[in-house]
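In what follows, chain A forms one complex with chain B and a second complex with chain C.
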Partner chain A sequence: MAAFRYFSKKLLSSTLKTDIRAPVSNNYVVCVRLLSYTPMPYDGNPDPGPIFIKKEVQTLLTTLTRVDLAKVYRKRKLGGRQLEQPVYKFMTDEQLQEALDEAKRKVDEILQIPPVVAVRKPRDKVVSRDPALQGLDSSNYIFTDISYGVPDSERIILVRDTEGTLRDADWATRDRINQMYFPVARRQVTPPKMFEDDKLDDLLKRGEYNFILDRACLQFEPNDEFYQKVCSVTYQHINENNKFEDIRSTRHFGSFAFFIAWHKMIDNLLLDLIESEHIDEANALVELYAQLHGEKFRGNSIEEYIGKFSTKKAALELALQAYKNAAKQKHALEEGIKRAHGLN
Partner chain B sequence: MASQLLHVTRTLSKLTLNTKCRVTNTLIKLERELPKQPLFNHASRNTNFFNKMPAEDLWKGITTVSNAGKKRGRGKTVSKKNIKDLNRGQIIGVGKANMLWPGLTAPVIRGKEIVEQQQLPEDPERQARLNQLRDQMGTHRHAKLSPIERGWSGAKMPGRSIGPPDPVGEDHFDGFDTKVLELKTVFNMKGNFGRKRRVSATVITGNKNGLVGFANGKGVEPRTAMRKAKNRSAQKLMHIKIFRNHTVYHDFFTQFAATKIYVWQKPEGYGLECHRAIKTICEVVGIKDLHAKVEGSTNVTYVMKAFLLGLVRQKTHQEIAEEKKLHLVEFTKETGCFPTVLASPAQCRKEDQLGKDEILDFTQYCFDGKVILKKKKYPPFYTKLKSYETYLKKQEKLRNKDKVKLDLIAQYGEIRSFLTEKYPECRPFRRAKKEEEQEAEA
Partner chain C sequence: MLPPSSGIGQFAATSAKVIRFVRAGCTNRPFYHIVVAERRREQFEPVIEQVGSYDPMPNANNEKLVSLNLERISYWIGNGAGCSGPVEELLGLAGYFPIHPRSYMTAWRNRRKADEEAAAKEKADDSNEEKSETSSSV
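What follows is the complex of A and B.
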């Protein structure tokens, strides 16, 4: 089996180079990046939102996340100058069970997947044109409705520019004004420098995926084009370097799985899952692929997927064969043990 | 003696006369001119202060003053600074003239040739070297200790490290370190000597991983006392439990005689906030984070004994859980308050089995029901002053200035305002860095 694994790895690495730029129709403005990845925002063609929110898809994504309590409740940096003294408690069995249940209940909240939606459309509605006001002032005026209870996305923010046109504020201005009047804790008015190309590249090289994705979640709205660009580049980096373990059991794994399934690049993850003998998750991944692209697999979905859509057929087939052999051996061993114990 | 000499010369001159060689006899003439009187009319002495005493005593006589003399105020001008041993650096046969003396400063035979006495060219640096040697004399200074090696106070020994204990046979004390806690002079009355002075040293040794031992040693010299104590301490090692390799297992109270110590467990990065003796002990034991408060006597030996007693009496979490027959669960903020079970008993009690006034609070349990008096902290006196109010009002507009400055520098690389674009010449003064200055000069 080790030999199989070795061959599959070799084959994978030989086919890797052709796979970096997956064929994606990207009719967006091509952003010149220093990074070796093309950013791939969801262009809303079709809209991923309704598919993402489907119950079946959500269940599949949760399965793929593979909840590990030790990782969900891992030690995090809280940003304070000093750590706080832990609280110790004496507990009976029931009290302990209750506390553990409470922690498990919180997992859903912690692992809530950031929504996958199409990029927001530019706002360019003109309310009125008053040429008489041309040259009244040298700067723009921004009018904001700051009454409570209005969501940030629906708040009325208008700009009277120096030409005298009263128009809807663009998204960048809206984000800035919203953050000024209704600040989100720890979000900055201007995006932090870590999202600039060279700095982001450095962070990716260091493998700080969770840091990038967490900070992007905090700083941007999910339908922000820049957010989706940052995330897509990070996802591609993770996918190419097989660093799935880094984001597993975090809230980002669902979005990541959705991204690679949407852009038809699940082969690396599939190979990883088969090799680590997580066949349920491999099935879920292929099922997710089928859901997103309207396919229907009958019988063994993994084999069918490899035959029809995979770009790394040889590697995947080898890995699957190795898994099957291992499973057969295991089964035979179990049978033998049972027989030896006089069962059956 | 002089007359005897004259007598001898006279006979010698007579002898020469007998050989019929006419030599002008000056000595005889001289004798006639001199009055017939002896040169010295008193008995001569060949011993004196300077050749009766050995050089060592002479040297001591001028460089030191006796204790009794000191009490009378003698030897006030005796200062080590002025005492210079001019013999130092000088070798017999080597001098200003730089002569070559075969058999003294050079071998008699070199190869097949016999070395002859000769004058070498003068060494101009010789005197300078001697002067330098003499200048250094009397200005001796202790080697400066690095702040890490330094003890509690100045050049004193307490708090300083004196290295691992000496190996016993084949047992080496690798990884051990010894620190001095106390070094003091003690006296004892002897039947024949009277007051006898010795030095007493209390040291603590440990391997920074839970093994620790302390001992007391006495000696005439501080060094011997410390050595004795150090080697004795290595024979009395005890084991101390350290929680997660950085702190104590739980808070505790400990007492030895009138010394009471409260000890609190602390998270990583807190450091050692306690009496300096406790800090030194912790460093040797391997405890990195802890807070301790000493109440009552701060006698170093007692503080040490009380603290070590407390450390030894610590219970592990498993022991606590077994004693209480309850799970011991930890909630930390960094792990999202996930209930981490530290220890579980073999048989856990049910809720209805808990006693009515049983202590269930962990801290209360650790202090054995003792409640620490925490005095109320009153606001400082100046908060009542009118000037403080004014100060606060003035400070209010500056409250986030440092953060804003930092943000501006991060964003624009300089401190600027909304007027910067209009008036680019108005920039805050910035002192050029050293490298930039050097570049500008070059």
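What follows is the complex of A and C.
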């Protein structure tokens, strides 16, 4: 799909260059239709959960997130909430160091990556069928067990419908009922309208990626199919438009990197990393790809990846060559400076 | 002010307890707490414990919401508490008790009523058609 989109864009640009007016409008129509993304939830085949929580994978994802304290503690949109009054304190050097360490420790908490898990299976267990109860009531009854100490996912929620069948409530109902009896702060009982197709499209066009992902994180469970659909569409939009900087140093970058590596579309990010000379991160990304797909690269993993699996071979090779040349020049310059100082 | 769901009612260890509704809504808007109380007490006296709630008015999704603290209900029934009729019916629908006979009675009475109404309507339609046919032929 991504490759097809890439080629269609290429086609469009080439037709524009040759300045043939008539087919341009046709191509434009095609491109507009291609702008809508197919949602790609993790269907659990194989299950991404166990791979995601592996320690090596987590380390790679943290490396890719590239922690920048200024960005972690950035100004945030608060909506209608009021800010608390800041407290100014006089501190000794030791106390200041302690406060800074505390802030750094909090980073792990703030940047905790939302879990990547397979979509939950639909619930359709029927407890009993009793057709003799038809006509008892024109509305369904929902019975919720509110015993203390039961997690939301295991709570007994049953529906007695108008046909007299007592069955397990489906996931959407469960979410609604759980939020009603055991509310999560600032989560809504009905999902906000911003996740509807046309509104989401508008948000994506405006590049409000953090807003979408934060709100989705708050509103849905990570194994919710709808959550994964929203996130996958957002990730694809980021990937297509190269807006990696927008979500870097946020908790969503890890999930994003995992997503693109899982669906084999890391070329854009890899190109971006090589061009911005973050070669260790590029290595981490290729290593992540290898971990997820059971590959093993020997020697220079980036070159090997480009040779074997890349769909943008030419651009990546060019970028890598440019990086190598720059590195060589830099090295030569440093050597020269050292020699001039008489250090060798 | 709502009393705490842990209850503040004084009760004797050996007195008869019952699980029943307490009406907690306002005018024209019924809402019930399901509580454990001493059988001899009035409805609005302090209760021993609240064990659930029941909203008899369907919500926007056409659902009537019932919450039951099954752990505590089991505890009180184990200690010899009885249940009022409406609570027995609800617990029956929830699959905790067998279905209450009154639920079946209400169901078939409603079905019979619906059948009768449908039949009456059919009859009225037929007679109307006949009338219109005769009037048109005239």
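Operating definition for what follows: the second predicted complex is superposed on the first by the 302 of 344 C-alpha atoms of A that agree within 3 Å, B and C clash if a C-alpha of one lies under 4 Å from a C-alpha of the other, contacts with A are read in each partner's own complex, and residues count from 1 in each chain.
Going forward, a contact is a pair of C-beta atoms (placed from the backbone, for glycine too) under 8 Å apart; a residue touches a chain by one contact, two chains touch by 3 or more.
Predicted model, so just to flag it, every value in this text is computed and none were measured.
Once the two complexes are overlaid on the shared chain, A:L136 sits against chain C while remaining clear of chain B. By the touch criterion defined above, A:D145 lies against chain C but remains apart from chain B after alignment on the C-alpha atoms of chain A. When the two complexes are overlaid on their common chain A, residue A:Q112 makes contact with neither chain B nor chain C. Within the superposed three-chain model, A:Q85 lies in touch with chain B and out of touch with chain C [touch as defined at top].
In the superposition on chain A, A:N300 makes contact with neither chain B nor chain C. Residue overlap on chain A between its contacts with chain B in one complex and with chain C in the other: absent. The residues of chain B lying in touch with chain A in their complex are 250, 265-270, 324, 326-339, 341-342, 348-351, 354, 360, 362-363, 365, 410-411. Against chain A, the residues of chain C that register as touching in their complex are 52, 58, 61-72, 90, 93-95, 99, 103-104, 106-108, 110-111, 114. Chain A meets chain B in the complex at residues 69, 72-78, 82-96, 99-100, 103, 106, 110, 190, 193. Across the complex, chain A meets chain C through its residues 127-128, 130, 132-148, 156, 158-160, 164, 166, 176-177, 180-181.
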